[in-house]
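One chain, subunit A, links the two complexes that follow: it is found with subunit B in the first and with subunit C in the second.
== the complex of A and B ==
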């Protein structure tokens, strides 16, 4: 990894993170609020009650503001792929091309047709056609997200492809392997349900503000009812998909799991750390990256049970994954580095054979990349050849540890919160529980923090990989000047901040105005 | 028949835009944003690195293989 401009890599990563974080401020509300609106409009069409039409139109107005401000902010991520991450973009080949193209087409048709009907079509198209359009917007927005999440899941768990050594690109062998990979399915379910939870809290929070102001009582209570039920249902799916995500991570990204738990030495019957704080010990080095606990609250054996459904199962720690553990069939990082280097040497020899016109040698080496033994035992560790220090396989432990706990604790809090809101609405005591109404407003930013923390766990926890085991982040960048990335970083920071302020300003104004 | 349908769709959109209230502000924001993203950022700050520096896919492949096999 000599000669790599760390400043360039850090700025490129910072810029991508900034863009993704801002983009993700707009997306989850769109995913969830679209369904809440669809439920409300369905009740209106079924009952014919004009109050439900008023409620639907009010939330649709807020949906429209969020959608309009957020639309196209994700495109910038695609620009960054081509400019800052060209090695990566080339290496992923058509794996990204297909899902992103489908997403683009779907988003275009969705935005140009059904959203227009949703906003302009009241009293111009039939009630049922309007309702169908609202449902199609909800389904389409979530399906649009599906393709992005499929592409992201492939980076965490690259399957269904064949590396072409002549072009240095991965080619999709089986679309269904990519589309239906367990990581893609899990990621989709977990991500969209997190959006549903966020949107439910958004609706409950704003409804609580109306109740505190003693305004729009009927709208607020009905909206709370729908959102609390939607929130409880979504929370259950969110928690269950989070649980299955733990098992997947244990299987395909064990280092991420070890970092999340701050687990250095693996053990049988590993406990789950509910909460704790970390400190950097005096003997901390970049090679071992060992953090110590100030204190921790642990549930014995729970992590073993969660990951392998066996409370005595062995969960490997970071040291096991670095040094290897033959007892549990865990290969050392050094062995993986050697295997990766062998794969790299074969690729280098292939290039040389091509340049010297040695056709026989070229064909022989090329065949290796299509040979199952070579693929499974050597090429799958290709990315390790770029790592000089096995310690660089350990992601940022405190960030992974704390982000995970913020996400999980808030996730469980939201579940309980929805139940209390539902009880309050059913018992008609919600107006009197002013502490709960204030808490509901405060929970809106908390839902965004939880959602962002989830992405931090997912993306920071998988470092140093941009594509798991195949391509480290440090190799994925383009050879460009770090200063140009710095300039665009600040342009984005300014642009997105302006957009966010505009969104909040317009949103607050419309909330104050209330339903028409 | 087809012409009539297109006219109806066109009128549907025009009426929709005309009757917007807060939506007009949003459209201004959308248009400014798209201009900044697609005209300023894409044209001046985000050229495709491989397309800009290499003229064929063969050259691009060779360059990436060079990057991947560098020791």
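== the complex of A and C ==
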């Protein structure tokens, strides 16, 4: 295999996306349900009321079924960085590997050890030790999320590193810059609270089913109360962190924001598109990727305000970012490509100087990679050298546009939903609001759709980059044949689908059986 | 604290941690070994439930150790991660496949409406037990026999071929299976996992029938384990190894390299010999008497032996992941590690490891005060 095989890239991306999508079907429930169970068990230990123990054990059973398949899909994800993205693993492994290892040492063992106590320790350890174990499982699961999200945030916003021309890789310079980057903190808060919201809806949905069937009334109402409070609190944090996320994206990934908004020409006082539909115009090309609106509902100036806290601020569109806009100091994509190629040529000359033993030239070129001017003005565009066409910088516009709106609209819906549920529980009218109970069941799949849509925005919206501005996805792959990945893609697709069906069947039966 | 250590010391420290994790992983593969013995030891459904539940309470430790082993390799030796996982694609993907089906098998096996029935999940466990152990052993075998790969950092500036590491055979790892020396280690690990599982059953289960059959099976499995282990070690000690000159970084073949390493690193030699004695003592005493705590000797013995094998694979100027395509592309502790800064950061994280071992020991002890028996499992609300 010589040259870049686009088919290989597509299948590798497909396999990673497949694994990530399946993995994310199970993880958010683990993140949120672990805390809900911990709340319930805390009440049991505090009150000594056996009903709470029964409730805790019921949700724990569902937690266990979901947890196993989440673990199974997770191991593939970790190793796929090596199997399918070996160039990536080398180019940034010095930075990216650390959070993965810390996750294993700090979080996985915590989770794996105390989950055994949580499931099998009821009659073997004291109540308090058991409760501590349940809390530690929740802490472990969410710590695991923390480190994975730190790693993911670094891909979106690479900081705290220096390129080493000798080894042709990026090396960590400051761990705290990586760990505490604003993107990492925001991503962690936004993602885990989305898991809390999903888990709350899951518990409320199943409890609603019990109420509709007039079964397990006490379990259902108590579970709804806990979950609605947890859901409202999480939703507030989720919405606020979503807002900060928009500001961060405007700053570090303006192309992603432009694609999300379907914004081609930047303007002052840009409005926010609440909703609309897109159509492909006749003059659409892969170069310009211009989509048009069929219709749109827009709130004037809101996007400018949301992104820069100034309703007249300029928000760049895709054309500004491709063609450049000197008025707002935006460099054209072609210029970035040229600068990236210059950085690559310097690196190539350095390698040649080393091979030919030209020490003087080698040292001179090596110095450049540590020179601030070269780093800021040339090497930061290194990834652009691999792009032939500026249009490839534009991600999939309709996918980004619709996914974002699905995520945001459902996010707001969930917030209102939790409030109504809480009112229903407090006024003791929830049993009579059968429409709400049915809506609650329907909301379970909606929460999964919103959660997946969030990741689509995040990951599809940053294409063509695997590391923003530094490494395009097409360069990150392993040296394998597309047919090889095609085979494993279908094997995993079949396996995950079958396991998902089995999981759902088991889950439905366990719910039907109830807490007995 | 770690900042004052030299780069080489940090690289060696991390190789020791990887070796320790690898050694603990091989010990914990007793869970996989046990999965291949469910029907040989359990003669009725109740007994099989006891066995699966005894193993099921430990499967996550093996799984987590594997994940941490992978993550730590990524963080400390990213060139190995990129080269081996991206190159030996089929080998690693098959290993992963085996572990995916294991993870769900325990949780789903006894649940009603589980789509396939419990036997299918037991087959999943069996596949994981056979392939997971054999292939992991075979993969470690390549640390001593090499693989056909090349590494060229200059590729990153080649727009047509920017991938820095390439596997130079179309079999992508499957070729490791046809090397008899690799395979002898694969089979040794497989039979060792079964042997340790039998010792685990004897140590942890309260059931005279199971213990009697475990003791019988111990004779059947310990023999091939010792056979394959001895074959592997004899070939290893007599074969040429991949040595490098730390000053010129030139890699060349050296006769009896691994024997030299064992002698020249006395700690490795002592660990290897005392570990082997402990394993044989644990097995022998369990076969020859009514002793049921052989695991407490064979388990630590296994960790010591595997630990020493990793040490002689990477220390004393040895290329731990040799390239038979181009010797000079072989991976050493020095040329494949993370930067000094990353290793320093990770070394601080490694201080958590003793704490992790401590709480695992404490909780393990807390929930395993009594041996596992059917009556207790029947009372459990969470059954595998």
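As a working rule, the second predicted complex is superposed on the first by the 508 of 516 C-alpha atoms of A that agree within 3 Å, B and C clash if a C-alpha of one lies under 4 Å from a C-alpha of the other, contacts with A are read in each partner's own complex, and residues count from 1 in each chain.
Heads up, the rule we're going with is that a contact is a pair of C-beta atoms (placed from the backbone, for glycine too) under 8 Å apart; a residue touches a chain by one contact, two chains touch by 3 or more.
All of these numbers come straight from a predicted model, not from anything done at the bench.
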Fit or clash between subunit C and subunit B when superposed on subunit A: clash
Per-residue touch tally on subunit A - higher for subunit B or for subunit C: C
Contacts of A:441 with subunit B and subunit C, given as first, second, both or neither: neither
First (subunit B), second (subunit C), both or neither touched by A:493: neither
Partner chain(s) touched by A:102 [first = subunit B, second = subunit C, both, neither]: second
Subunit B versus subunit C as contact partner of A:129, first or second or both or neither: second
Touched partner set for A:475, first subunit B, second subunit C, both or neither: both
Partner chain in contact with A:77 - subunit B first, subunit C second, else both or neither: neither
Contacts of A:344 with subunit B and subunit C, given as first, second, both or neither: both
Subunit A residues contacted in one complex by subunit B, in the other by subunit C: 61, 64-65, 68-69, 71-73, 75-76, 79, 82-84, 86-87, 89-91, 116, 119-121, 124, 167-169, 344, 347-348, 351, 475, 478-480, 484, 488, 491, 495, 499, 502, 506, 509-510
For the subunit A and subunit B complex, residues of the former touching the latter: 61, 64-65, 68-69, 71-73, 75-76, 79-80, 82-84, 86-87, 89-91, 116, 119-121, 124, 165-169, 344, 347-348, 351, 475, 478-480, 484, 487-488, 491, 495, 499, 502, 506, 509-510
Subunit A partner contacts - residues on subunit C that touch it in the complex: 57, 60-61, 63-64, 66-72, 74-76, 78-79, 81-87, 89-90, 92-93, 96-97, 99-104, 106-108, 111-116, 153-154, 156-157, 159-167, 170, 172, 338-339, 341-342, 345-346, 349-350, 352-353, 356, 359-360, 363-364, 366-367, 369, 379-382
Residues of subunit B touching subunit A in the complex: 12-13, 15-17, 19, 22-23, 25-27, 29-30, 33-34, 36-38, 41-42, 45-51, 57, 60-62, 64-69, 71
Touching residues on subunit A, where the partner in the complex is subunit C: 2-4, 57, 60-61, 64-65, 67-69, 71-76, 78-79, 81-87, 89-91, 93-98, 100-106, 108-117, 119-125, 129, 133, 164, 167-169, 171-173, 175, 344-345, 347-348, 351, 355, 385-386, 475, 477-481, 484, 488, 491, 495, 498-499, 501-503, 505-506, 508-510, 513
